[in-house]
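Heads up, there are several structures right after this.
The following pair of complexes shares a single chain, chain A, combined with chain B in the former and chain C in the latter.
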Partner chain A sequence: MSFLLRRLSFYFTAFLLAISFNFLLPRMMPGDPVDALFAAAQGKIDPAAMDAIREMYGFVDGNIFQQYIAYMQSVFTLDLGPSVLMFPVQVTDVLAMALPWTMFLALGSLIVALILGVGIGTYASYRREGLFGQVVPPVLAFISNFPYVVTALLLFYFFGLKLELLPLAYTYNPDVDPGLSLEFIGSVLKHAILPMGSMILVGIATWVFNMRNAMINVLGEDYVTMAQAKGLSSFRVMYRYAGRNAILPVATAIAMAIGFSFAGSIMTEIVFNYQGLGNILLKGIMARDYPLIQAILLILVSAVLTANFIADLLYVWLDPRISK
Partner chain B sequence: MNNLTASDANPSVPHHESEFKQKCRAAWKKSKAFFHGNPPGIIGGFLITMILLGALFAPVLTTHNPDKRVARPHVAPNAEHIMGTTRSGRDVYSQVLHGARKTLSVALFAGIIATVIAVAVGVTSGYFGGKIDEWMNFITNVFLVFPQLPLLIVLAAFLGQVGSALIAVLLGITSWPWGARVIRSQTMAIRSKEFIISAEVMGESKLRIILVEILPNLISIVFGGFLGTVIYAMGAEAGLGILGLGDATEVSWGSMLYWAQTSSSLYTGAWWEMIVPASALALTGGALALLNMSIDQVSNPKLKTGPHLKLWKKLNKEADKRRGLV
Partner chain C sequence: MHSKKILASLVCGLLISAGGAMAEDIKQGGTLTVPIINTGFVENFNPYTSGDLTHGVIFEPLMVFNAMTGKTEWRLAESADYSDDLKTITLKIRDGLKWSDGQPLTSKDVAFSYELSKEAAAFDLKGIWPAGNLKSIKTPDATTIVFELNTPDSTLLWDLAAYHIVPEHIWGKEKNLTTFMNVNPVGSGPMTTVKYVKSQQMQLCRNDNYYLPNRPYIDCITYRSYNDNSQIQPALMKGEIDWGSNFIADIENTYVKADPANNHFWYPANDAIHLYVNTKEAPFDDLNVRKALSMALNRADIVDIAAFGYPTVNYNAGGIAELYKPYISKEMTAKYKDLTQYDPKKSNQLLDQGGYKDLDGDGFRDMPNGEPIEFDIEVVNGWTDWIQVVQMVTEYYEEIGIKANVKTVDWAVYDKNLKNSGYKMSINWSMVATNPIQAYQEYFLTDRAGQSFHGGHGVHSPEIDQLINSFGLTKDPMKQQAILDELQEFTAANLPFIPLFSNPTWYQYNTSKFVGWPSEENPYVRPVWYDGGTRNLILNNLHLK
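Then we have the complex of A and B:
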């Protein structure tokens, strides 16, 4: 149990650091932060909203320490103020609509890439001297290292625009009513194929190579030779004997991949006009809606930290030794 | 002394050959051994050489000024403009070569900064251990767990449009933790080896042990990490560029993507404005990855496939035969 407690306190500290960074950001801008903050919104925003945002940022009377406390209070009470861009809608309401889509894209593609990558990596290392083992890993290494935006753009152009196979925007067909109907789920899946596909393409090589490196160490073990000598099918030896033991070091890489996946989701959403956080971030940047931008960073950090904690739970479940 | 005996024993090497030439010969031999039976390495190395040469000789190879309007907007690829022109009538071919200089120098510069920090943090925390390690490891983990790119995007949004030099520095100081982690664990593995202990017993200074005994053993890992950071930095620069957070007046692959996006070139059928810089980014990233994969095989020979594995099996069989097992 102490392992999970230690992890929890680590994530809490990291979260506090992120809040502090957010608090310092507007104060690092050149000139008077409050003026700069509202320069873009001048005239378009009423004084009441400005006061609300000012208060949320902790620009209250008093020294910087008191301001910091005020800011903390507004963060922990989830009072992130109104959005400048979509006034008078609260920032939290805007984000609550977008966050599920980003989570769906980031975590969904991570899980699919993980499963596919581990499978391919296991097979590629088991048949190392064969054609599969020699050709597939380098090809995947090549494709997976295209930048997120580039893979998304190429897929967008060829499958969306040229072949007109798949939809180019939105998370689902606006004509379909959201609900638990087959039509709605089908529409969501259809709209997710391209963005998710491009993220899987980028993410998959990490798992193939992690799994391959771990497998190569395990394949030299005596119990694998023993299993082969017993005449077990190679599928059984590959996945039940070698693969099961190789997966542990691979699981440690999940923590690192979560942050990457969320970053990739942001870039991919912009290309595919997918209605997640990335899209709102782009709108926020163009409108210089600083409260919205900061709230997105905060919510992304919380999502990544939470996902990391879940990965820790998974790790404890895979290897109970570490919780002792 | 060693060099003399080596050239005496080998009559094909002339006696009067200068030391420089011998070194060149050794380097050539080493690179031949690296590329032999290693198609990913050959392909990656070839592509990177071409891209670097293209960037280096951009002023000679290009036909037009990348910053000037030289034709009508969105001219399709033809003999004069082999990759077409942009919405503002600039030559795409000239832009992509000149853009390579900016993009690659940003990525390389960021890679160097990140690698220096990663080596410093990784080796210090791996070698000294204890409280220093605890603190440095904590900082590394915090940096690791934060989503780097969104952090960078927000920072850039607050700073306004940032120049490429600042982007390189920001990328460098945020992308070191991956390298630091690998270097730390490798240093910890080396630290308890006999040659380090004997160096300590002989009273060598800590600095000398780190620089002379430990670092040379980390070279392939450090270089692999460097290439990984360069790939990441290139992608991040392109991402910031397309968001309009880079300096759009400079010619780089990121700013080319930005202008192609704002002129919605894909929708109007002017695919070349978008696909050319995108393919340049893709090719460079892929080629660097292939090179990185080959370097992995140097630091971990177990990863070798193909001809190396066949050779090993053959030798193994031969050995078994001599032992009388077969």
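Then we have the complex of A and C:
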């Protein structure tokens, strides 16, 4: 129990630090939201109206310290105020529009990459002398070292622009009505292939190597030799005997990967004009939309911290020695 | 009595259908698709906060000043007249106008639309209230609005045309107008029925109470959301959208070639682009240096090589270019034409005479006191076409022994430096307005310095302030032109900025479904989507093939 309390207070401190950075980072960028708006209007707004607009967005009152207090209040009451970019829409409404798509993209690609990666990793370690074990992991390692953007742009160019096989933008065909129809679900899946595919290509190698390395250790254990000696099928030895024991370190790596996956989805969404958080974050940064930037960073921070906390709990459950 | 009314309405109906038959070749119907660069659509139809998507579409303008033809296109209004002392403007709107919900649109609505920007100051686009010149707005009858001014000003009408005319019977009930989203919009424009709003696409359809018979010819307009130009280019190539207003790389080969019969573009001149020079800093305080820097540039080559040949070269040193063609003084252009001709020999000569010689032997000129001359030309990160232009400019400057560097900066830095004279040289546009006097206000008015992008160069004088301000005291076009001539002369003689070229108006259109587009053969308006007035005129002309 004291372990849990220690971890909780650690995460709370980390959370406070992180949201303070959220507050400072956008304010360290030059320019304020109204200047950015003025730029977007190419100077067509009257300067007198600018002050009124600044007031409308709530950017006149107080020095940075007062702003900080107000910000902290808004975080803990979840009353994040209106977005500048999409004024007068509330930030929470903007997030409600975008967050489901990012979760779909980030978690969906993570799950697919995980399943494929663990499968390939297990097989590659078991057959590490063979052609598969020699060729596939290095190739995947090569691909995964491309930044998200490069992979995404390559896929965009070949499959979208050159071959015209897959759509170049949107989360679904805008001409289709959203709903539980086959047409809509099909459209969502079709539009997810390229963005998810690029994230899977980049992410998969982590799991292959995590699994392969853990497996190679386990494969040296006596009980594996024993299982093989009993004459069990190699599939059974591979997955039931070795795989189950090797997957423990992988389980904890998932927590770390959630954060990376969300971050990766930001780049991918921008390339594929996918209407998720990343897409909105980029535009929010360009418009100096403090409330929106803060809210999105807040979500990212919460996602990473929560995932880490769950990983901690998993550790305790898997290895009771830690709680001492 | 009753039967007479029925008869009257029957006759009316026949007349209207006869009118329809007259325009027999014009087909009704069709849905036009246009690209919008934004974060996605929300149900916000407040024209002041929805990012210029509704003006000219849901909300009909009073009038449109058509810069291409030089004419005033009357829309809701049918006339606007100044009194002889220039202290009252009498505006007449058409008879029998209706809102899209069937309610009458009267002078009260128009007056209300201006009064509301007094309360909601953020909606006061042109600052008519804080300027203090507008005394009162009166409505003597249902179609007349009278604006009374404190001092004569013949330029105020141009500003008045920028405001949105909204229904008092709906907006008058709202307490907080700045957060009012106007979810079920009532307007007087061609497209007022909201069919649907999805985050990636929305559709507006025709207003059955529109005041012009049979207009609009098209049924609906679909807005599609895109991230940037690079996504609009493939959408245009695939025929997803009918109307583009975007930079498209190598357009002849990428867009026109894909379907030469239907894919077209026309790039008429837009605002003039200058290199702004900070005359408060040495060596730019020397007029001869500014002249030398202007004559060192081969503008035609810059346009062809760095800007793909799309812009129009600007040889006028007087501060205005092609966009204001009717106002350009030919006399002045001829008098100062040497200033914009490529003549490196003359440049070198001017610099040598001024004592700017290479004293330390590094191959570049120095100040007469031995300090090296080196400066940055500021341009915004990622504005690739301008970065290439500035790159070429530095090469020309190297030819005359001047060391200049390209400096790419973030927008906010660029913006601040331009306003606060924090630059030595910076590339920027000039004002797009109804009349060039508004561009000169931005360039030279002393009290605009520090606020305007274009006033940071440091060339100001009380006489010029007075000259600019005297423009509004007359409505005689001859006298106004004389003032503009004098301002052009002043600009060319002082050269506070170096003219380069006129930006193109980016405009691509597809004729596979719709015709009636403005084009080089039929230039009825400058084809700008991002302007409610011109958009309104084009929407009224498009129809099915």
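In the analysis below, the second predicted complex is superposed on the first by the 244 of 324 C-alpha atoms of A that agree within 3 Å, B and C clash if a C-alpha of one lies under 4 Å from a C-alpha of the other, contacts with A are read in each partner's own complex, and residues count from 1 in each chain.
Keep in mind that, in the parts below, a residue touches a chain if its C-beta (ideal position, glycine included) is under 8 Å from a C-beta of that chain, and two chains touch if they have at least 3 such contacts.
Source: prediction; values computed, not measured.
K.L.:
Going by the contact rule set out at the top, does A:I19 touch chain B (first), chain C (second), both, or neither?
P.N.:
In the superposition, A:I19 contacts neither chain B nor chain C.
K.L.:
Touching A:L116, do we find chain B (first), chain C (second), both, or neither?
P.N.:
neither
K.L.:
Please indicate which partner A:I143 is in contact with in the superposed arrangement: first for chain B, second for chain C, both, or neither.
P.N.:
The first partner, chain B, only.
K.L.:
What is the contact status of A:F10 with respect to chain B (first) and chain C (second): first, second, both, or neither?
P.N.:
The answer is first: A:F10 touches chain B but not chain C.
K.L.:
Can A:N217 be said to touch chain B (first), chain C (second), both, or neither?
P.N.:
first
K.L.:
Just checking: does A:L161 make contact with chain B only, chain C only, both, or neither of them? Give me first, second, both or neither.
P.N.:
A:L161: touches chain B and chain C.
K.L.:
Using the touch definition from the top, say if A:Y290 reaches chain B (first), chain C (second), both or neither.
P.N.:
In the superposition, A:Y290 touches chain B alone.
K.L.:
Residues of chain A touched: more by chain B or chain C?
P.N.:
B
K.L.:
Based on the superposed arrangement, let me know which partner A:Q275 touches: chain B (first), chain C (second), both, or neither?
P.N.:
In the superposition, A:Q275 touches chain C alone.
K.L.:
Quick check on the output: what are the common chain A residues between the chain B footprint and the chain C footprint?
P.N.:
Looking at chain A, the two contact sets intersect at 29, 161, 270, 286, 288.
K.L.:
Over in the complex, which chain A residues touch chain B? Could you list them?
P.N.:
Listed in rising order, the residues are 10-11, 13-14, 17-18, 21, 25-26, 28-29, 128-129, 133-134, 137-138, 141-151, 153-154, 156-157, 161, 205, 209, 212-213, 216-217, 255-256, 259-260, 262-263, 266-267, 270, 281-282, 284-286, 288, 290, 293-294, 296-297, 300-301, 304-305, 308.
K.L.:
Okay, in this complex, where on chain A does chain C touch?
P.N.:
29-32, 35-36, 38-39, 42-49, 51-53, 55-56, 82, 85-89, 93-94, 97, 160-161, 164, 168-172, 174-175, 178, 270, 273, 275, 279-280, 283, 286, 288
K.L.:
Across the complex, what residues on chain B touch chain A?
P.N.:
39-40, 138, 141-142, 144-151, 153-155, 157-159, 178, 231, 234-236, 238-239, 242-245, 257, 266-267, 271, 274-275, 278-279, 281-282, 285-290, 292-293, 300, 302-303, 305-306, 309-310, 313
K.L.:
In the complex formed with chain A, which residues of chain C make contact?
P.N.:
Listed in rising order, the residues of chain C that touch chain A are 39-40, 42, 44, 46, 49, 120-127, 130-131, 178-181, 198-201, 224-227, 231, 234-235, 238, 410-413, 415-416, 429, 431, 451-453.
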